[in-house]
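Residue numbering begins at 1 within each chain, and the chains themselves are lettered A, B, C and D in the order written.
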Amino acid sequence: MQIAIIGLGRMGGNIARRLMAHGHECLVFDRNREAVSGLQGEGARGASSLQELAGLFAGRRVFWVMLPAGEPTEATIRELAGIAAPGDVVIDGGNTFYKDDIRRARELEPRGIHYVDVGTSGGVWGLERGYCMMIGGPEDTVRELDPVFDALAPGYGDIERTTGRDAPDDRAERGYIHAGPAGAGHFVKMVHNGIEYGLMQAYAEGFDILKTKNSEHLPAEERFDLNLPDIAEVWRRGSVISSWLLDLTAIALAGDRNLQHFSGNVADSGEGRWTLEAAMEEAVPVNVLSAALYARYRSRQDATFGDKLLSAMRYGFGGHVEIPQ
Amino acid sequence: MQIAIIGLGRMGGNIARRLMAHGHECLVFDRNREAVSGLQGEGARGASSLQELAGLFAGRRVFWVMLPAGEPTEATIRELAGIAAPGDVVIDGGNTFYKDDIRRARELEPRGIHYVDVGTSGGVWGLERGYCMMIGGPEDTVRELDPVFDALAPGYGDIERTTGRDAPDDRAERGYIHAGPAGAGHFVKMVHNGIEYGLMQAYAEGFDILKTKNSEHLPAEERFDLNLPDIAEVWRRGSVISSWLLDLTAIALAGDRNLQHFSGNVADSGEGRWTLEAAMEEAVPVNVLSAALYARYRSRQDATFGDKLLSAMRYGFGGHVEIPQ
Amino acid sequence: MQIAIIGLGRMGGNIARRLMAHGHECLVFDRNREAVSGLQGEGARGASSLQELAGLFAGRRVFWVMLPAGEPTEATIRELAGIAAPGDVVIDGGNTFYKDDIRRARELEPRGIHYVDVGTSGGVWGLERGYCMMIGGPEDTVRELDPVFDALAPGYGDIERTTGRDAPDDRAERGYIHAGPAGAGHFVKMVHNGIEYGLMQAYAEGFDILKTKNSEHLPAEERFDLNLPDIAEVWRRGSVISSWLLDLTAIALAGDRNLQHFSGNVADSGEGRWTLEAAMEEAVPVNVLSAALYARYRSRQDATFGDKLLSAMRYGFGGHVEIPQ
Amino acid sequence: MQIAIIGLGRMGGNIARRLMAHGHECLVFDRNREAVSGLQGEGARGASSLQELAGLFAGRRVFWVMLPAGEPTEATIRELAGIAAPGDVVIDGGNTFYKDDIRRARELEPRGIHYVDVGTSGGVWGLERGYCMMIGGPEDTVRELDPVFDALAPGYGDIERTTGRDAPDDRAERGYIHAGPAGAGHFVKMVHNGIEYGLMQAYAEGFDILKTKNSEHLPAEERFDLNLPDIAEVWRRGSVISSWLLDLTAIALAGDRNLQHFSGNVADSGEGRWTLEAAMEEAVPVNVLSAALYARYRSRQDATFGDKLLSAMRYGFGGHVEIPQ
């Protein structure tokens, strides 16, 4: 299938590569000319503008936008809306807020342009392992794109089949789902990332307890000398908490057991926050997901104003002076 | 009443002063000789050892221990156990873990020594405002000490009477309660401090939001220029969140609106932690009290190992590099 | 001053009463005719439509809208926008989201209508105690309305002056502040309510620990028989955690020590949620404020789907069967 | 190797089976005679008392105690201490608090009895998949028991090797580690379970958001019709959050998409609580692990006293009446 990939960063470039490897014809565009020529060298056809990109199609056009969420994606889709013809498809494969998908689909529908949102998980490993995709959009359009999704997805692989599973639609088992109408794909991906934050923080807190148990700040008789790389490794086998994130933890600790190459200033993208907002719209209590997000905020700060206010109150009622440690 | 005060720090010294101001005779001891002579200059009788202190009593001895919780208090009470005679009273007015009170009472009871635990709130303001006391111990002994507690407590003052209150025992309204047998006093004080942590953190987080709303890190059009001293001040009047901690906040902000004199390395004493342990023994969910304690732990650290592990995982699955900010 | 009050519920009615008691002339409107005639009997002039209400003014019109946030307020202000003349003032005294204030002010400004947002705290006690007000809007307009705010505010009262306070503007000490441009008033009020949730939950968790310590579910030797009304009462005097919310707690427990008249299905209004959203926009960690909101969500549910999923996983890996208790 | 298994419940029975399948000779005891005769039928030698069990050994005795933590384990080890001879080994394979291990090792050491603690993960799947084991105890003893641990562990299996791993000790890769001296095994297992709670709750909250997005309580235009079994399934493939717990979730949802067979009254064992206590001893902030534990407490309750107190305060300041939903 002919498909245009717009945005050739880490994700977009690898998506183009994986599609080409499965026999699809990729038309590519990026504001960065070198990214375009790089992909051209791997077999893609490049364009120097969206307009030119549109002209490369033989028939119905399918644009896969893979850009940072927010204005970069928004502006590109606005421009595509002016270029696309009825029957064309615009796919947002980035990390867009699902309500923006709903709005865009409503705007594009009267002009006959089909809007599809794809939440894509897999990171830098997707090229090799395949991408897990959560898709929103019109039933027919999603069906027509099946060869694309099938190429990008991991497929059955050697993952053990879920006991009791008996569903006629095997797409989930091949690594992608049609989650519902526009927005549903990014909604499911958003919650996926919310869970991801929670899982990561659970491991982070646990390993922090293990690491601190070795610390010289504890009295000698309370200390252990725990081997963190071995602990991560052993939990990968037969334990209840084995996971891919644990595999990555084991890799990180194998190479740098004190993680001294990492700053610990942890970024967060929109999904963590949107997940909390969704939870609040539904009145679902989400203490773990919130705590995971806030830990990232806190990681990027020195003493907060709130901390100082605690010091000030303690001084106020008890004469306590907090000495910096 | 003759009463010995052991430990003449900020709390102990003021307790002696307030008792003397109400006509009680204070016998005082501290390892620090200057503290003793200071109080002597204010009318107390000083001793240079616990043994000597015991000898100053004309009749039944009442020892009020006002030392840091843990070994200092424990060692002193152990020594007093060897000195005291049947009928004597040992009071622990510090911040002892309530299970230690229960154990001590059991140890002292067979020897006829009455053990009383007093959770004392009021900080540096207690000398003037009076102390709020939560008392555990034998009914008779607590009753006999009534003149002491009455002198230390704030009394009715000009606090409005609680609508609908109709209890024969007016001690709570005078500022102290007999909470139950040994340990009950410190148990109630422990929960008091747990709540205190939660209240403080609620204010801290709220003021942090206000302060950050003024921050240059926000886009100009999202910023306000909020006057924090005025906000604290106005909330003291007619608002639902007026409190003594808010009064202290207003004082702190009036003097230093950026709280730049405070480090924000916030200490915690045992009560916060014991409150969580008590909650866990009872299976009571306490997300707020926990978060308040953990905020203090975090305030004393730079990047945690857990934060670094998050960075490491993010690098692992997404190639994200966390740059220190 | 002539002022119209629109919405004569618990808050609006008492605001009208307090204004009249301070010599202001109140013109009132409510969809509920009985509410209007009730206030007429207390000296207000009533109207049966906003149009008629506008006609009652002798000069510049000041409309104080005191309706539920969201559509009721929005629709009323939209209608007032069509009625008001340049120079008139529209005040929203309800619990509006501050970004709606910013939008409305922008819409009304070109037409010369001045928009003022007033966050109002004080609840059913405001009539007697006065209201704490946080005000956003144009400097001049807020100044011109000073007689209104002064009448509604508690005034100096007998609250002790904040040590070190030395600000030329004494409005905060009289119970109201001009927090900034449109939206600033409701922003501060929003954070106020966020803090309120946190404070309330801190007390709730603490009293839950105390109450459960009396429970027959604990082994007899671990149990106390704590008197909760007395504990609330004693904490009102000289303790670090005295507050108005504690006063209310003492009243509630004095009348019903087991709180058996309360369902525990706790509602939440928009402010709790908006406070978290504001914190997320600022990347401020707010574990306590979040936990307080989520406790309310949880209080309104039986077993969540999440709980069931925990049961299902436990069954999956351990064969554990969770029996309803 | 000859080894005695004491306690033939779900875990102990399967451990005996797996050991026998690997050629070890199992001597078994349980207070439940049927459990003993069952295992006898599978090739074990049974005993009707610990004394008799000890007599079945040809040489050095190795006792693996696999009983519920607390008194059942404690009493058995106390009895074994009277039976065992110098050089014998007592293994506690249950979920004991690690400080109890440290105490027991100190008590048994002077008598020449070697104490080994084994944290064992794997649940009902361990018989087939093998057990992940975290071991504390003397270096020599743990080495001598290697054939036992090797038989129980999963072994290399087909799990991909950790990139960069380069450790001479391959035991972690075979599924067990010697974590340190007595107590270290159960300490690591305790943290493992703490993490497990956090992971489970992260999934629970995420799926709760997904499920509630389908709910009729939402306005129709905000609702999706998400297929939860498919979502769990697709996340198993190529997503960042794939894990064994997610596999179990997929199985549970495949069989019962509304989880209507589960009560949602979620039990917790000691490890969750002990993990928090360990964190507090180390001053490590653990908001996620705490929230996960507290969610379980809350799941077992109807309205808490704390919830009722919130209702009572809301009534107090706002006249709000909370109606049960």
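Note that in this section a contact is a pair of C-beta atoms (placed from the backbone, for glycine too) under 8 Å apart; a residue touches a chain by one contact, two chains touch by 3 or more.
Only a predicted model underlies this, so the values are computations on that prediction, with no experimental measurement involved.
*Asks:* Which neighbours does chain A have in common with chain C?
*Replies:* Correct list: B, D.
*Asks:* So which chain is the furthest away from chain D, centre to centre on CA atoms?
*Replies:* The most distant chain relative to chain D turns out to be C.
*Asks:* Contact counts by the stated rule: is the higher one at A-D or C-D?
*Replies:* Of A-D and C-D, it is A-D that has more C-beta pairs in contact.
*Asks:* Taking each chain's centre as the mean of its CA atoms, how far is chain A from chain D in angstrom?
*Replies:* The mean C-alpha positions of chain A and chain D differ by 31 Å.
*Asks:* Counting only Cα atoms for the centres, state how far chain C is from chain D in Å.
*Replies:* Spacing between the chain centres: roughly 47 Å.
*Asks:* Would you give the residues of chain B that are in contact with at least 2 other chains, written as numbers and ranges?
*Replies:* Within chain B, the residues that touch at least two other chains are 123, 125, 201, 203, 205, 208, 212, 240, 244-245, 251, 283-287, 291, 294-295, 298, 300, 304, 306, 317.
*Asks:* Line, ring, star, complete or other: which one describes how these chains touch?
*Replies:* Contact pattern: complete, every chain touching every other.
*Asks:* In the complex, go through chain C and note every residue touching chain D.
*Replies:* Residue list for chain C touching chain D: 10, 123-125, 200-201, 203-205, 207-208, 211-212, 244-245, 248-249, 251-253, 256, 259, 262-267, 287, 291, 295-296, 298-300, 302-320, 322-325.
*Asks:* Applying the document's contact rule, which stretches of chain C touch chain A when the two form their complex?
*Replies:* 240, 273, 276-277, 280, 283-287, 290-291, 293-295, 297-298, 300, 304, 306, 317
*Asks:* Which residues of chain D touch chain A in their complex?
*Replies:* Those residues of chain D that touch chain A are 121-123, 125-126, 129-134, 153-155, 157-160, 162-167, 169, 171-177, 179-181, 183-184, 187-188, 191-192, 194-199, 201-203, 205-206, 208-210, 212-213, 215, 218, 222, 224-227, 229-231, 233-247, 250-251, 254-255, 275, 278-279, 281-289, 291-292, 294-295.
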